[in-house]
């Protein structure tokens, strides 16, 4: 059986690559999907639909275009990995976690111990908390083998 | 018809009271429900089930006890109002937004313009964005009358 | 048992009043709910959330505020009556019909014979087609008695 | 990943071909599905089941046969594009939009600015509004790449 | 707690009255709902919507009007009792059983032993088979007390 | 796209073969699935699980084994064809129709005009009524092409 | 708001009474529902439908009659408490836990530390684990206040 | 059509192998999936996420990691076989049965006659009860052929 894993959250470090390469090295039957992780492209996703004077509406249009992708990919995935870094608000990652929780989609959080307390509700609905990408690879190896 | 509105998010200002009092003054047929908003009580919600040595597990137990309440109340509500303040991570608020989005539960965000950009995914799935509690009261007045 | 009936569509004639009064005269256990039928108020539903320069966004905001109400009311209703008049596009009425169809919510269409052909998809998913409000009253009398 | 896109609505211009060819030229992994777009064939879809004296029942039978196809295709699609032209009532397109909205199926509307106001409810539940097929191609390119 | 029981099927004997009176005598907290059991009225349910030349369409219209009632009542019920007599085709009763089965709605069949074999699929999805109304009363007494 | 069609009901004539061969001759992309149509085998489906003294329980066991198959196949199908012949009770066919109706699975009935009246509820929830297998082939040809 | 709590599992100690009385003493807005806890009555629930020679079928009939009650009550409840004692197999309690888990119904387990290991899957899907009825009362007090 | 069968429960005898080999020998189009059946590995599934001082939390973490696998596999399966042996509590097997029941997923129980009574609720929601793996093979052969 082939598994599909959604990689949500932080885009400033190479955690996605570490997980993808770790799973490839282990020969796991896993496909990875992600939101568009190019920040500038993501912010501009709706620009083709016309310029906006207010930044609220530019953000709104782009976020909806991005949501066409992310909603579809989350629903098609078997597992999500949701990464929180040490910078920025990252509310979209917490939003994805809530979305998964309501769908009953199992997800794994990936974050440092330093942010355990503010993430307590997100972690409480998760199936696992990992601190390192290598741990996620190990969990996936166990789950899909 | 009686409406039920869930008030999610920030607990450091009196936005809940403003909305509740505004709706009462307008005589609206609305019941309000909320998570437990006493921060210390919320952090200690699971303590009755036994002490924990690690803070991760104390948080975990308390968050799950809180989730018994919040999941039930969100599912029973007709509308959610989700408030983001200017401090703290507030990932639980974004989590609630994602939860509502997946359930198809309409929600209104309440936050300053200064955080429009990091909240763009949360706002994109919302039915309205308000900057002031009085605006939320006005929207509710319109919706439920 | 008390029944709830949603009255969707055209706002320029008194078809709602005819149905409501007909059911009241017959002593039927039916509550009626509707979208906001004051056209100007409906168009302005989002204005309290801030002025918009582009009419697209004004419409967008107001329609979403209206949808908080209509989505809730349709989901709570047992039956919808969807009225098409002889003027305007009335795409919102057809949208409501499709929404009901996907939810498995029974609906009755109310329209003249002259528009049977363009409404054929909408009628095909309906449980009944009536030409006059008095016929709707008769159907409701039969159904809820 | 292969994506499936449903093309709903107006059948008098070549907007479907423009989108299909644009996506093919871009090498996108998208399959397109549509209702039967031959107007006469669509109106006659139920004739094989027996002639009808009343046009209402001929329309009824044909629309139900068409709905076997359209309901299946919409449910199997990942995204819908819903096109409104400048002629005819096009209530079936708005019906499809409402159907998608209730299912949580993301859809993109495609129409001129001149009909923004009557389409406001349909657009409010859409993930994007495009004025030209080329914009739809660009959105799909972004979403599925 | 108040329970709602749907009484589906045969309309030529007084089995409904026996169950209703038996439960009333036992003081059970049960409301009973039923399709319209006046055969002539049921066949004519759609006549108010206009005369039909073909009996197929008269039946079609009336059955859909009846379905507005029955679909709502089945969905609101906690338990269905489905009665098969010794005459007529009674396909509507078997249809209701299949409808309940797909919804996960528990139902009790009520029929003679002589028709066990042709009802085997219907009984296989039932929660109980009774031969006499008094047995149904006993089962309900046990279940709701 | 490949379509899956479930063929439910009467097992004494060659209607299944006519539809399957007709669709094959037309080159349609359709897979057909059916319950086990060998009557004796179907009645004995549960015998491997142990002999039963009472015919009720033999029927019960066999029907449940058959239901493992039929429930799965109906849920995986895009369309059902439900055939009623002129003999026997055929309550299982009506049960399948009700099951499809509750799932929102489109189905086509296939039966003579002589039984239109007792099948009126079953036909009212159907998407089409055909009298001959060749008509079903034509409808499928139209729907899946 | 009134809450409904389902009390599942062991019937040989007074844990139900302790929880009910504890909540009553605290004045909590909670209704409690339970399966029939009279063991002999529960085993005999189906006897009114006719004697059975094989104990398998007597158990089968009685369990299905009991399930009419329990399935309804679990689905109507907001929270379940699932109690495991130190004797017997108690597979029905674990079955109820799995049923709740699949429905997304929050449940609290109540059992001694000595059986933590064999209950690990059941506890993993629970929102809380309590060792004493008084702890359950405290959790409910927190959750519903 | 290819069928997927989930094999849940007891891990101390070779019942899985017997079913898999029996189906292979019969050339059945069935894929089998299972939880991780290596007891020590299963208990240690969460260890990679960090050591725990309390056995409750070690169990908790490992069970959640296992649940990522089992929940996915049960939902993807067409049929489950749930095996109860003569030792241990086996609450996870009963939990899986309840999970399947709530999802409407057909399952077959496999156990000795000696435990019919404590398994009565689990068997009541099952589609078949087998005492030997060879019987399961026969049922599968019948169902999928």
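By letter and in written order, the chains are A, B, C, D, E, F, G and H; residue numbering begins at 1 in each of them.
Basically, contacts are C-beta pairs under 8 Å (C-beta built on N, C-alpha and C of every residue); 3 or more make two chains touch, one makes a residue touch a chain.
Protein identities per chain, from UniProt: A, B, C, D, E, F, G, H = YtoQ family protein.
None of these values were measured; they are calculated from a predicted model.
Novice: Could you find the chain whose CA centre sits the greatest distance from that of chain H (YtoQ family protein)?
Specialist: Farthest chain from chain H (YtoQ family protein), going by C-alpha centroids: C.
Novice: Fit chain D (YtoQ family protein) onto chain F (YtoQ family protein) over the CA trace and report the rotation angle, somewhere between 0 and 180 degrees, nearest 5.
Specialist: It is a rotation of 90 degrees, to the nearest 5.
Novice: Would you kindly state whether over half or under half of the residue numbers at the chain E (YtoQ family protein)/chain F (YtoQ family protein) interface are used by both copies, giving same or different?
Specialist: same
Novice: Per the centroid of Cα atoms for each chain, what is the distance between chain C (YtoQ family protein) and chain G (YtoQ family protein), given in Å?
Specialist: Between these chains, centre-to-centre, one finds 44 Å.
Novice: Distance from the CA centroid of chain D (YtoQ family protein) to that of chain E (YtoQ family protein), rounded to the nearest Å?
Specialist: Their C-alpha centroids are separated by 40 Å.
Novice: Measure off the straight-line distance from the CA centroid of chain E (YtoQ family protein) to the CA centroid of chain H (YtoQ family protein), and report it in whole Å.
Specialist: 37
Novice: Need the CA-centroid distance for the pair chain C (YtoQ family protein) / chain D (YtoQ family protein), whole Å please.
Specialist: That gives a centre separation of 23 Å.
Novice: What residues in chain H (YtoQ family protein) touch two or more of the other chains?
Specialist: Residue numbers touching two or more other chains: 64, 67, 104, 129.
Novice: Any idea which chain F (YtoQ family protein) residues touch chain H (YtoQ family protein) in the complex?
Specialist: 31, 33, 36, 41, 45-46, 48-50, 61, 64-65, 67-69, 71-72, 76
Novice: Please name which positions on chain G (YtoQ family protein) make contact with chain B (YtoQ family protein) in the complex.
Specialist: By the definition above, chain G (YtoQ family protein) touches chain B (YtoQ family protein) via 1, 3, 78-79, 104, 106, 108, 127-131, 135, 138-139, 142-144.
Novice: Going by the contact rule at the top, pick out the chain C (YtoQ family protein) residues touching chain D (YtoQ family protein) in the complex.
Specialist: 55-56, 59-60, 62-64, 66-67, 84, 88-103, 113, 115-125, 129
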